[in-house]
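The structures considered in this document are given below.
Next come two complexes, and both contain subunit A; in the first it sits with subunit B, in the second with subunit C.
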Partner chain A sequence: MAAPAVLRILTALVLAPLLLGVINRVKAIFAGRQGRRLSQPYRDLFKLARKGAVYSRTTTWIFKAAPVVSLAAILAVLVLVPLGPGGPALSFTGDFILAVYLLALARAAVVLGALDTGSSFEGMGASREAAFSALAEPALFLCFLVLAASTHGLTLGVLLRGAALSSTAPELALAPIALFIVLLAENSRIPVDDPNTHLELTMIHEVMILDHSGPDLAFIEYGAAVKLWIFCAVLTGAVLPPLTGDPWLDFALAVAGVFACAACVGVVESVMARLRLPRVPKLLALACACATIALILTLWR
Partner chain B sequence: MTLLVLALAVLAAGAAACLCAGRSRAANALGPVCAVAGCLLGLAATLSGPFGQTVSGVLPWGLPFGSGAIGLDALSRLFLLPVFGLGAACALSGRVNLAHCADDRNLGAHWFFFNLLLFSMVLVLAARDAVLFLVAWEIMSLAPFFLISFHDGEERVREAAWIYLVAAHLGAIFCLLFFLLLWNASGETGFAALAAASASGGPGAASALFLLALIGFGAKAGIMPMHVWLPAAHPAAPSHVSAFLSGAMINAGIYGLVRALGFLGPAQAWWGWLLLGAGLVSALGGILHALGQRNIKRMLAYSSVENMGLILIGLGAGLVGARSGDAWLATFGLLGAFIHLLNHSAFKGLLFLGAGEVLHAAGTVRLDQLGGLQKRMPRTGILFLVGAASIMALPPLTGFSGELLLYLGLAKGFAARGLLEQIGLLGSFFALAAIGGLVFVCFAKAYGLAFLGEPRSGAADKARDAGAAALWPLAILALACLAGGLGAPWIVSLAAQAADQPLTLYPAVAAQAPLVAGQGARILTGVALAGLGLFALVGVLALLRAALLRGRPVRAFRTWDCGYVAPDARMQYSGASFSEPVSAAVGPSVIAKETYVAPEGYFPKRAVLTVAPRDLLETFFFVPLFELIGRACDQAKVLQHGRIHLYILYILAVLVGLLLWKL
Partner chain C sequence: MNVAALFEPLMIALILTNLALLVTSRTGVLIRLIAAQGAILAFAPLFPSSNLPVHLALLCLAVFAIKAVAFPYLLSRTLRRIDADPLIEPYLGANLSAAAGIGGLLFSLWLEHRLPVPPGLFAPLLFPAALTTIFTGLILVVTRKNALTQVIGYLAAENGIFLFGAPLSRQGSVWLELSILLDVFVGVFVMGIAIHHINKTFESIDVDRFCTLRD
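Up next, the complex of A and B:
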């Protein structure tokens, strides 16, 4: 029996913040530091959830609705994305398009929440987020098209059965590379954005949420963690087929794959510097190019 | 059919009554009442009885050369829905917004032309005779000229109306030629006879007719490069007029194209690809130009160009699929086009009316002078937000359903026959995704800068919501946006019946189309369920947030300003800076003209940066073209010197010439 969908969603809900802890630990190891506890993201979330909130006098209900809507949209995507054997909780033809547009809804909420504060810094973050995601979204769609062309399916359940490792086509290895670049861009990681920077002028995602506090900030941070989980799960699904045949073991492998993705993110963050902002579109163009080559080669076969 | 004729009669009577009412105050009541009554009757006519049923009748109207044959089928009904729905909403909104100029403007004339426009649009969509169609088409092209030039005291408005008139008639020439050639071939003017006649012509003739139809009807739809009248006319026209023109009238171009394709027999392979390519150019060009705009109404006009492009992509994909026997592509392409057309009417009407409310309250729709309106105009704000979210295709609102079907149709491109076809279809999918991302930037900017943050001018600070009477029409359209998202499966069934009409030429595809449409309906049911789940999730999380905040200190403070002590509204991000990352990525010269004078020397004095949006085609194609034509015409002035004896000599010369030629 495959792991039921509820269990998969619960796993994601519980373990998502741990991904941030893993990334941090990998970076600490690379830097020769001891690093914070793996459970630190959980402690941060609980601390935020127990606090009061400060709201700018400029803001309207949009600012307060933004964290709720964004988290709700991200959680809705979680229902659509499979992990390991057994399909997702809700599946229909073209569900990957709905998933991408739900992520756009989450982004729209945060972007509008940022603009609601009237701060030039948050406007700047909103503008960058909107622009870079306008480039990342087509790249993500291209990756899905590569998988669709190789699996001949249009549901996430079929697309994410580990085409890259289970097929003998070497060009499919390009799709996970593109997907990984999109993952870095969409989750505001180095080299696109630096979540730990201290200078507002250089931020993208962090600068948009400068004014959020208390439970609102907790919602946004938790949403970001779940979003990272979703992208890691998609990447795992694109690479890793069910290997053993035992559903529980395969599920455990898939979860391990998700954490392996997070570790990769940590490695990239440790060995790379962040790109200058005008370079970011070129990085995303690279992702598009990788996916396009993979797509054409897959079609040509 | 009786109801439709009744609706036509009410609209015609309303137009006549408004003309009689003239400058009296009654005109501003009479006009909207007749328009709304006509529209409600029309809606009843459209939705009563089976949607796919074909009925026909003859208007008792002595037309020279033609007949008054009218009819209704699923295709006409589908296009009539936005005409009646948006027509009623725009009439209601216009009544309120025009009330203040009842004393110094001839509102009777305005409402005469508004009712006439509605009347002629209904006739265009119901006509089953070429002559009747062309007469109605001409009225439909002329009436907006008078509606656009409502504020004719301003030079900018007169110029915009003039550009509209020229563009409409350049397009009309091609439509006229199209029907003349068909008429020449068949000898009759009834639509059925035209379809039969053109099938007998060769492939070359059919292709020529196709190109004529594409240019003629494309000009009405605002397809690039025939789009220049849209960004000129929409900012100049009163908002309820822009809403109707953009949400309903330009649809007539798409309708004409679909009908024309029905006349031309089975398509040739390149027709579908040409439509697809034209749609991509229009959509990408439209949204890139929209990004650079600072005037909301101009931005909305360019966005209409983009949306017509999306619809054309759907039609093109449908034609490619129908031609190659690919029922999936054909059905989803056509369904996507038709559903997106309905969606566009709802959200674009809403956005234009919302922009009208902003204009009314703040006196401007320039993004750099607005801001903070959500606080000052909360109701207009939320309505505009619904429109903006719909146009960004955010689920569960209405814009998503049409785009999803377009995506789905193209996504199966990997199953197409040749490698080139596959790359073409999947490349279009990619372009569609890129367009979606740009629309996101564009409308996050439009709503975010106009309604959020601090007001950038005193006028924006003083803006207040209009009364309920003005906002009801917007609320109805916003409800339509919501209902369109959740009720998409039902709308698919309507659109599927309309898609039958263009597919009749391809029986093999038409046989499978209902099956594919059923799949589409099931997919959209899944989306609607996910949408309902999303609403529930939002509710649960909102309760959780409230519970977490209960008993905790909640304070109000000023926005975090990074230590700067005197923040100012002018320090906020502006429209040009918001779209700068995108314009830097696509090349700034595409959407705007920048002039930069850098500061120089040790004690720099003057530094200037101006960024002005411009239209590439207008700047580099139409202006030089018309200047060239103008110069050529100047050359011809040599003949027109005003000396009467030489004119007599011309006559003599021509007569002698004719005599010699006949000899």
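Up next, the complex of A and C:
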């Protein structure tokens, strides 16, 4: 029997903040530091959840609704994304389109919340986030199209059965590369954005949530962690097919794959500098080009 | 793993180096990419069968020595000596060039269906990869202002032509291939000297300056 859908969703809910801990630990190892505890993201979330929220007088209900809408949309995506064998909890034809646009809804909520503060600083971050995600979206869809063309399926459960490793077609390896670039862009990681910086010229995601505090900030931070989990799960699903045939072992391998993706993000953050902002669209265009070549060659076969 | 299974990844790697050539703006990286492309091409005549006649091994070695070692060395030596402006804005930006390259790939896949090629002459993906490489070279020659990048474009186009000839090299055309390699070698040598003179006369290798008349 495959791991029940509830267990897979619970695993994601519980382990998502640990991904951030793993990324930080990998970066610390590269820098020769001991690094913070792996449980530090959990502690931060609990600390924020205990505190009260402060609201500026210029904000309206949009600012208060943004964290809730964003977290709810991201959690809804979690229901659609499979992990390991057994398929997702909910599946229907074209569910990947809903998943992508639920993520867009989450982003739109945070962007609107940032604009609602009336701060030009946050407006700048919101504009950058909207621009870069608009460029990442075609790359993401092209990757899904590549997987759809090779697996002949239109549900995430079929698309994410590890086409890259289970097929002999070498061009399918390009889709995970493009997906990884989209992962870095969508989750505001280096080389697109530096999640640790608080310099106004470099921030994208961090600047949008400067005015949020307490449980609201905890919602957004937790949502960001779950979103990272979702992208890592999609990447793992695109690369790793069920290897052993034993459902529980394959599930454990898929979870390990998700953490391996996080470790890769940590390695990229350790060895690369952040790109200049005008070069980020070039990077995303490269992801689009890789995915397009993969799509052309997949359809050509 | 049999040898033929390695051919398709090699061709896809070649298509990717083409894409990288089109989006890169730094001349130093371009030289390294054209070296990588030369190294990939050195393996191309080995396919599809695994037995290796002496003249074929000679061709592979010559291709590797000239395309992956000698050309990049000559180009980087020229780059060092002229001490040129590393970034000259091209006529066509990176994104449009990449789109043009993908258009070239689409066109070559379409052309493969239209051309009456004897069946079994070209291994899968060889024709589109070769034609895309030629297109990449042409795009680089036409849309770049940097004279050194234009030489690299010329080399990429020649790489594509070489790849077209690779399946025929088993049928005795190896000496023809070698003589072409020698011609290209002399060509790059002359171009290196020409670029040096261009740089001395115009104080840049931006070919746009040729349009400004001087006394």
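Definition applied: the second predicted complex is superposed on the first by the 301 of 301 C-alpha atoms of A that agree within 3 Å, B and C clash if a C-alpha of one lies under 4 Å from a C-alpha of the other, contacts with A are read in each partner's own complex, and residues count from 1 in each chain.
One rule holds for everything that comes next: a residue touches a chain if its C-beta (ideal position, glycine included) is under 8 Å from a C-beta of that chain, and two chains touch if they have at least 3 such contacts.
What you see is a predicted model, and the numbers here were worked out from it, not measured in a lab.
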Which of the two partners, first being subunit B and second being subunit C, lies in contact with A:P170: first, second, both, or neither?
second
Contacts for A:D44 in the overlay, against subunit B (first) and subunit C (second): which applies, first, second, both or neither?
neither
Thinking of the overlay built on chain A, is A:L286 touched by subunit B (first), by subunit C (second), by both, or by neither?
second
On subunit A, which partner touches more residues: subunit B or subunit C?
B
Using the superposition on chain A described above, determine whether A:W300 touches subunit B (first), subunit C (second), both, or neither.
both
Contacts for A:F121 in the overlay, against subunit B (first) and subunit C (second): which applies, first, second, both or neither?
first
Counting contacts the way the document defines them, which residues of subunit A are shared by the two interfaces, the one with subunit B and the one with subunit C?
281, 292, 296, 300
Which positions of subunit A touch subunit B when the two form their complex?
49-60, 62, 65, 67-69, 71-73, 75-76, 79-80, 90, 92-95, 97-98, 101-102, 104-105, 107-108, 111-112, 115-124, 126-128, 130-138, 141-142, 145, 148-149, 152, 154, 200, 210-211, 214-216, 218-219, 277-278, 281, 288, 292, 295-296, 298-300
Using the touch definition from the top, list the residues of subunit C that touch subunit A in their complex.
5, 8-9, 12, 15-16, 19, 23, 94-95, 98-99, 101-102, 105-106, 109, 125, 128
Using the touch definition from the top, list the residues of subunit B that touch subunit A in their complex.
371-372, 374-375, 378, 381, 385, 389, 392-395, 400, 404, 407-408, 411-412, 414-415, 419, 422-423, 426, 429-430, 433-434, 436-438, 440-441, 444-445, 447-449, 452-454, 519, 522-523, 526-527, 529-530, 533-534, 537-538, 541-542, 545, 548-549, 552-562, 567, 569, 571-573, 577-582, 584-585
Going by the contact rule set out above, which residues of subunit A touch subunit C in the complex?
168-171, 174, 281-282, 285-286, 289-290, 292-293, 296-297, 300
